[in-house]
Each structure stands twice: as C-alpha cells, then as structure tokens.
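Chain IDs A, B, C and D follow the sequence of writing; residue 1 opens each chain.
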Amino acid sequence: MLDYITSYLGMNTTPGQAGNVLWALIYILIVFAGVSVAVMAMNWLERKALAHFQIRLGPMRVGPHGLLQPIADAVKLLTKEDIIPDEADRLVFWIAPLIILCASFTVYIVIPFGPTHAVTDLNIGILFMLGVSSLSVLGVVMAGWASNSHYPLIGSLRSSAQMISYEVAMGMAVVSAILMTSLNKSGTGTLSMIGIVEAQQQQQIWFLFKFFPLGFIAFAVFAIAMVAETNRAPFDLPEAESELTAGFHTEYSGLRWSLFMLGEYAAMIAVSSIAVTLWLGGWLRPFPNTLTGPAWDLVFSLFPGFTFLGLALIAFIGVIRMPKHPYFRIQTMGLAGFAAVLGLIGLILFIPPVRDRIQDIFWFTAKVGVFMYLYIWYRATFPRYRFDQLMKVGWKVLLPIAIGVLILTAILGVVL
Amino acid sequence: MQPVATTFFFYFLSGLTLLSGVLVITRKNPVHSALALILGLLAQAGLYLMLYAPFVAGVQIILYAGGIMVLFLFVIMLVNIERSQKEEQFNKQWLIGMLSAGALGALFVLVYTKGSGLFPASMAVPVESNNTQQVGVMLYGQYMFAFEIASLLLLVAIIGAVVMAKRRI
Amino acid sequence: MPEETKSPTPPPKSGEPKPPAGQPNPGSVQSTPAHKPPEKPAAPAKPAGPAPVPWQSPLVSKLKAQYGSGVRESNTYLGQNYLVLDPSITNEVLQILRDEEQFEYCVDVTAVHYPQREKPFDLIWILYSFAHNERLRVKTMLADGESIASSVPIWVTANWLEREVFDMFGIKFDGHPDLKRILLPDGWKGYPLRKDYGIIQQDHEWVQINLGIESGQ
Amino acid sequence: MTDPTTYLSHLELGEPDKTFLDSNELIINMGPQHPATHGVLRVILKLDGEKVLGTECVIGYLHRGVEKIAENRTYTMFNPYVDRMDYVAAVSNGLGYCEAVEKLLNIEAPPRAKYIRVILTELNRVASHQLWLGTHALDIGAMTPLFYTFRDREEILKIFEKYCGARLTTHAFRIGGCQYETYEGFERDVIKFLDFVPPRIDEYEELLTTNRIWVERTRNVGKISADDCKALGVTGPVLRASGVKWDIRKALPYAAYPEFDFEIPIGANGDTYDRYMVRMQEMRQSLRIVRQAVERIPEGPIMAKVPKVMKPPVGEIYHSIEAPKGELGYFIVSDGSTQPYRVRVRPPSFVNLQALDIMVRGQLVADVIAVIGTLDIVLGEVDR
C-alpha cells in the first residue's frame, strides 16, 4: 500500500502510461466521482445563476441557499417511477441512456487535469475524445426511435443531424490547433492531450493567441460548435420545450432521465475541457513565461487556497445575513458548516506539497468553470435558433471559416 | 505500453465481431441490425488498437460508428418498419451465397497456411507512438496516387448521389 | 330549468348613487373639454328609447333600384345603419357590398333566434369599410331548416364565423367548405344558443359516452 | 386580392414536395396540452419533414357558453363574465361591454369615469402586451424576457388591485361609469409607473430587438399581407404590422380617446418581427395616453344616472373597441326586459386565429410556435 502511494508520488507520468493498473483504476474512480459531483454542482450553479439573471432566487429551500437541492433532486429522481411506454422498443429504450452516459464519461480518461493528472495519455488523445463523444449521437438516435412517439423521433432526428453537422466544423477547428503543435523546434506534432498542452508550454504561447487572430477564430468556431454539440441554448432545438416538449427524452422518466441529464452535463464539461486543453493552455497557470521566478510561482500557487478562502468568506457573510429567527437556525448552522469546510479546504491548499500538486488541477478547473458559466449565460440571453438556420450556421458559416483558418494556419506554419 | 491479456482480448473482440455480424443478418428489426453493426464496428476498432494502429481505430469510431452508422439509422428510422418486418428475411440466392462464402473461406485458409511469406515483413513493425505520422507519411507519400484516385471516386459518388436523389436540380 | 332561464331578478347593484352628470348624446362621441363644471342632470334614458329612423343614402337607393322589395328595410338605429334583405338576394348584395362599396372587412357573422316568429332566425353580417370608415349591418331572416349560401367566397373570415353560427343555431350554409361544429364537440346534439335550449341543458348521452361521467353538472 | 379558396383550411390542400425522393408526410397533433399553444389550443399539423403543409385548429376546449349565460342574466350580472373571456385584458372586455350597454341605454358615462376607463384600459393594454412578449419570447427560446415582463406587469396589477381589489378579472367598470372613485394616491402610483416602465421596455428591446437570433427567427416568418388581413378579418397589431393604419381608437373613437394625442404604430412587412415592433411601440403609445389622461383627469362624478333596473329599449347595437388583441365587438339585442335577448361577442383572438393556417403554410414547425405566439391569442376568448 505504502509502496503504491510512494510510487504514485514519485510518478512523473500518467498511471495509464506507467502501466500502473491499480492507480489507473483509482484515478478512474476519482474522475468519475469528481465529474458526478461537478455535474451536481453545475446543476445547482445553473439554476442559481440563471435565477439571478432572471431576477428570481432559484432554489432556496433545501439547505442554505438551496445548496442541497441537487441531492434532493437526485433522491427524487432515483425514487421516481420508471415508466417505459408500452409501444417502446424495450431493449433499445433501455440501452440508449447508458450509451450517452458511457460516451460522455469515457472521454474523461484522456483529459489532462495536470501533467500527470490523467488516467492515461493516448497518443491519439484528441481523436479518441472526438470519436467517443460522437458516439453519444447514437444514444440520442436510439432514445428517440425507441420511444415510438413523434416528438422524440423528431427531436432525435434534429439532434443527430445537428451533432453530425457541427462535428465537422468542430473537427476542422481542432485540426488547426493540432497543426500548431507541430510548429515547435523538433517539427513533430501530436494528438496527445498532454502533448498539446506541453507544446503550448514549449512555444510559450496559448494557442488562442497563436497567429493572432487565427487561433482565436478557430477557438471561436470550436466554442460555438461545442455549444451545438452539447445541445445547449441557443442550439437546444432537440430539447426545444416549446416545440417538442422535451425532444428525444420526452418519454423518459426517473433514473433513466437523470442519466441523460448526467450525460449532457458531463459532455458539457468534457468539450469545455477540450477547448481549454487546445487553446487555453490546459493546466498551465496564467503568464507562465513572463511572470517567472520563485516569487511569482509562490504567488500563483497561493491562488487555489485564496479562492477557497474567498468562497468561505462569501458563505460566512451569508451566515451573518441569515435571518435571526429560530426557524432558520438549522440553515444557518448548515451554511456555517459549509463555510468552515470551504475554509478548511482553503487552508489545506496552503500546505506546500498539496499546494504544488493541486495547482494544475485548479487552473484547469477554473478555465473550464469559465466555460460552464458561459453556457449559463447563453441560456439566459439567447432565443433559440430555428433548425434550418442552425444548419446554415453550421455548414455555411462555421465550416468555411474553420477550413479557411486551417489552410491559413498550414501556410503560416510552413512559411514561418 | 505493455499489452495486457492480449490473447483474451483478441478472442473476445473477434467473437464479438462475429456475433454482431450474425446478429446483423438475423435480426428482423432493421434498427436492431444497425445497432449490432455498430457493435461490430466498435469491436473491430478494438482489434485495430491491438494491431498498434490507434489512428485507424480512432477513425473507425469517428467515421463509421459515429458518423456513417448514424446516417444509416436515420434512413432506417424514416422507412416503414412494419412493412420490412413482414417481408421475408432471406432471399432465394442461398446457392450463390454459399459459393461466395466458400470461396472467401478458401482464401482465408490459403492466407493462413501460406501467408507468412506473402507480405513484406517490414510492414509488421509499426511504432505506436508516431503511428499517426506514419499513416500520414504513407498516405501522402507512397500511396499518394491511390489516395487521390479514391478521393476523386468519392467526389463522383457524391455528385452521382445528388443527381439521383434530386430529380429537379 | 325553466326558472333558471327567466328568473325575476331583483334590480342588481348599480353603482354608487353619485350625482349624475351624464350628457345623453346618443351615438356620437364628442370632444369633452378637460374641466367642465358638473352639468345639470340630464334626463335618464327613457324606456321607450329612440326609434329606428329610415336610412337614406346612395347605396340604399342603388340597392333598392336593383332589387326592389328584396331590400325589406334600411334603417338607422342609434346611429348604426342596417339593411334587412330577403334571403334570396342576400348573397348577391353581400358580393356587391364588397366589390363595389368597398366593405372589404367582414367583422362578424352571427344570428339571433326568435322562436315565436314565422322565420325564427335573424342572420346578421356586420361589415366595415376601411375606405369610408363606415359600419353596416346586413340582416336576413331565415326559417328553421332553411339554408343560405355561404359568404366564405366573399370574405374568407366568414369560415369560422359561419361554423360557429351553425354550431350554435343549426343554420346551414350552402357551399361552406367545411361546415362542422367548431366550439362544441363533433358528436354533440342540439344547438345551444336557440332559445328552446335551456341554460343547464346538455347532451347527456355525449357526456356519458365521451367523458365517462353521469352528468356534466 | 388573393383567391379566397386558397385559405380554406383543409389538410388535403397541401401537397408534399415530391422533388426529393419520397417525402415523408407526418401528421402531428400539437396540443391541447402542448406548452406553446398558450392554453388548450389543438393544432393538427400536416408536415413534410419539418415543413408545414397545412394546419387545422381544433378549438372549443374552453367553451363555457358565455353568450348563453348572458341571455339568462341581467345586464349588470353579466358584466363580470366578460372579464373571463380575455382574462389577460379583462379591463378592455369590461369597457367594451359597458359602453355597448350604455349605448343601448342611451346614456353616457361622465368625463371623469371616461378618463379612469382610459387610464385603466391602456394600462391593461401594456400588461397584456407584456404578457404576450414574455410568453412569445419564451416560445422562441428566450427565457429571460418572461421574468422581466412579469416583474413589470406586477406593478400594473398592483394598481388594479388597489383600485378595485382584483388583479386579473377586475370587473373595474360598471354600466354608466365606474363604481369606485380613484383611491388616494392613484395618480401618484400611475405616474410612478409611467416613469419607471419606459426604461424597462428599453430593457426588453435590448434583449431582443437587435438580437440576431431573434431577428432571424422572426423576420419573414408568418408573413401576411394587408389584403389577406382584411379578407381574413384580422385586426389589431397583426393588421397594423401589415401596414394598415387602422385603430378603432382613432377610426371610430370611443370613451375619451379623441382627447388624447397618440400615434398608431404600423409595420411594413407584416411579419413576426414587425408585429413585435408594433406591439413594443404600442406599449409606449399607451403610456403616452395614460400620462395625458392622468395629467388632465377632470373632477366630477364617476357614475351617470342609471336606472336601478336596467331595461334598455327594444333594439340592437354593435359596439366595438380596440382591445389589445384587435377589434373586440359586442352585438347586443334587447327585447326590453332586464336581460339581454342576445349577446354576441366578436372576439379578436377567434378571428385572428383563423389566419394561422395561411401564415404558417410552407414554413417550419418552429415557426408555427412563433406564429401562434405572435397572433397573441387567449383561449378563453377564442372559446368563450
């Protein structure tokens, strides 16, 4: 046991590459649990942030400021009756959510939360991610067909057409980023997720700013396509409530429905991770090459701790502002406990060994968090595209732009 | 990376491929057939991985399982499934089928018994780490002409499909 | 049921008794200066009310010249003009009204049931002309079971309006593209806005078959 | 003018586009429990893929026999019932009914009552348009305007509540005037509202007017020409968005409208975007009217002398007003008794809904939602 832990701490590669099966399994568990928790947190955050955009309060009842709402929701969904329509194709109906779930969770194997914080590093990493995440289309199609009902069928047709279309533009944008990896001294590019980040480190530039504005345009194309890919507003046609009730998962309920939701949010986090890895320098902290030296290293390594302390402070202010009525005593105590836990985590993050190992994960998560917030922001702001307009944007706008950027990147890469 | 339980995975994936192949032709419901086909394609991708060809495996998943099969499903969903379920599963050309299957089997046996000397040995030592580059170099170097012909063929196919599908252009 | 239809209702609450200052100027809306001292209470509406006065206009004379006695009445009541036509010429006149007199907007088609009359149904078109800024009511009287040509070819809007008249009164329109019930369910029996249809009356059979309950009450 | 037979709403008329293989015809039942049909409207859609070949509306799920009830109630007793038709613009309904009966009785409401009526009706128009905007935007996928409009509509409802105790089905007016004198601080509340709401309307516009997705979703969607509007009897903002400058408040003025200075906003294309713009402008014009009315409201009685037992003379009357949805008319026949012999309501929503078919033909399913939203129907009024 101890050997294993020390072997881990001494490891300078991912467990998958080291062939360390036990650590790989532990990693998988950690990632799975982490993503599930992140999805729950995202759920709470989305409802809360969306509510504040819309001058509402959002969940306030379960736990202080609705903090326990995701748990209550999970319990509700798990205990809900699981309805399978009579006319449905039972087998396919049953498999569909599992496919979506598997597809969106499998990609986490290659997401590098840090130079060594990934289950494994495939040398076709990005290809693997795109491939596996494209499998979730199957789940959508199967769900829509198996429900044997008009609205889900139309929803799934829309959804699959949309996902396939935007995959093309997305792929093109990704290729131009991959092309940038080959512009280093040795001249060999890579598809490995870790390799891509290392290439950015080596070239001392985030690919977002490389060949400005080419990198930026490719990133923008990807950022739009990824919203469409995950069926989120303003591209949420498959689930367009006002037209198709709930799209492909109209007939689903309870646990199976929650699997769809879990898959959707996991996919959102996954594609955001791709964007962060390819263009925003993955786990690299801001200004890794201009603000160098031990002093700056120390400053940046203190960020995670201070972030948690800040959150703790916000929670503590919430405790103070809680109404002083006996009715709210438990809530106040809960929030105080929450603040204490956050503070404690913040303090732990100041301990030097932890501080150094956690930094990469922190920066990565922070960048992904920005995307998550953008997702919510879009949803609060935009109306929904119509299907033909969506296709037009995908094929006539994004794809030509992405191809143009790809060609220009290639030319610049050869010339420079 | 050390291969793990190679023999087991080989037989597992091969069995899966065969099983799904059988399911594809025996299922009455075309959607089930298509799903079985997807399973078969995924198992094949696994086999490619075992052959140290991760790029091909990845492309197999993206293009076949993720792209083409979805279009298959698309079309199947839109046709009338009740009618296709009533139709007879196998048509009457079993003799031709038997003959061609036998010929294929004979070819496999031939390759299996005499095959060791038929292929150049240098092809069999790919390096996993730069597999993708190798594919690229091969494709755009040695096999450039074949690649271009294939792309031309595909272009013709696309135009032909458009012409056939759209009666009025 | 009968006591429901016509109950001697006591006078309902009618506003607080404020000093009345209404100016009885029927049929017209005049500009009222902003600050006006309360005027002397004017005479309240007399039960007798104003009587319809004959309506003279080029339109009426034209129609009368063309159709003679087919134009039964042409009056103005409370500043609103109406024509009463014979059912046989109604459709033609409506066509003329739209094509020549620019009554291009059919506001409403409706009916009134007078069970005691020989021809118990009043069928009413309310028309409006954008060009003349003028409203006109065209009325015709129909016997029970008598049908009349549909005005859908003249004004498309009459489609649903006629369906509603059919639904509520059972008046049939010849040539209507899709004459079926609109507000009530298709299999319903009876025409609710006829006077012999009680207020709480309903098609019990339909209710029992389709809703699975004993009665809709 | 277009040949009327092209509108007749029958599913057989639509032909699938045969140019692309064998197109799949699909008949879809939208409603009556569909979230975007604003109530219990059922639309049967015949689709070719996502393209609409034809529609048929099935209505009547909310039919309550309002016209039959009217025949069995006295004139005064029927007054609250009209609020239940277009329940988002109850004040307008009441105004139309009261004015129609007043005409029949040959009396007129005192000027102060007329001013109060105008203030409340115009506020109600703003509230109705706000509700329309919120739900319409929600149908098109923009969630946030719904909450903004409801927040501001709340202020109007508060004024209503303070005035007459009810928020939705207000029963604010009586035959002959108003029952209630304005409460203490009424003017202050209204002025406060007038100052506070224009920036809020700007806020809605900021979210939508120049939003590319909104523009793309609404431009050239559900287009209807002025001639078609007239042929179909479509009124209100839908007619005006097609370029016809016709508003009953100007054309055949009622209440105190001749005394106010306001404009009739019109559109040019008759598409969903124009209808949106027209309604946004109308809100501003309504506020303008309210401001003039509040500033100039005369003193005096609020109730004309009305007989205790209302027995209008034998005769019939048609009176219509410009409700937020269009021309709301009341055709009342009196037989000289205390109860109306016949009350016919000419509901704008009912007539406007008829235009749905022509507006959505050849468009996509998503446009059906947009068009139902833009027609601004209230099923309580469609079905009565």
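We take it that contacts are C-beta pairs under 8 Å (C-beta built on N, C-alpha and C of every residue); 3 or more make two chains touch, one makes a residue touch a chain.
Since this is a predicted model, take the numbers as computed values, not measurements.
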Each chain counted as touching chain C and chain D at once: none
Farthest chain relative to chain D (centres taken as mean CA coordinates): B
Between chain C and chain A, distance of the C-alpha-averaged centres to the nearest whole Å: 64
Between chain B and chain C, centroid-to-centroid distance (C-alpha), Å: 74
Whole-Å separation of chain centres (CA-atom averages), chain B against chain D: 61
Chain A and chain D, separation of their C-alpha mean positions in angstrom: 45
Sites on chain C touched by chain D in the complex: 4-7, 9, 11-27, 29-32, 34-36, 38, 41-42, 44-50, 52, 77-78, 80, 104-108, 110, 112-113, 124, 126, 130, 133, 135, 137, 152-157, 159-161, 164, 168, 177-178, 181-185, 192-193, 195, 197, 199
Of all residues in chain B, those that touch chain A in their complex: 1-2, 4, 29, 31-32, 35, 38, 54-55, 57-59, 61-62, 65-67, 69-71, 73-74, 77, 128-133
Residue ranges of chain D touching chain C (in the complex, touch as defined): 4-5, 7-10, 59-60, 63, 65, 67-69, 71-74, 76-77, 103-111, 114, 174-179, 230-234, 244, 246, 251-256, 258-259, 296, 298-318, 320, 327, 329, 331, 333, 336, 338-339, 341-342, 344, 346, 350-351, 353-354, 383-384
Residues on chain D engaged by chain A in the complex (per definition of touch): 26, 28, 34-36, 50, 137-144, 146-148, 151, 207-208, 211, 213-214, 216-217, 364-367, 369
Residues of chain A touching chain D in the complex: 50, 53-56, 150, 154, 233-234, 236-237, 240-243, 245, 379-389
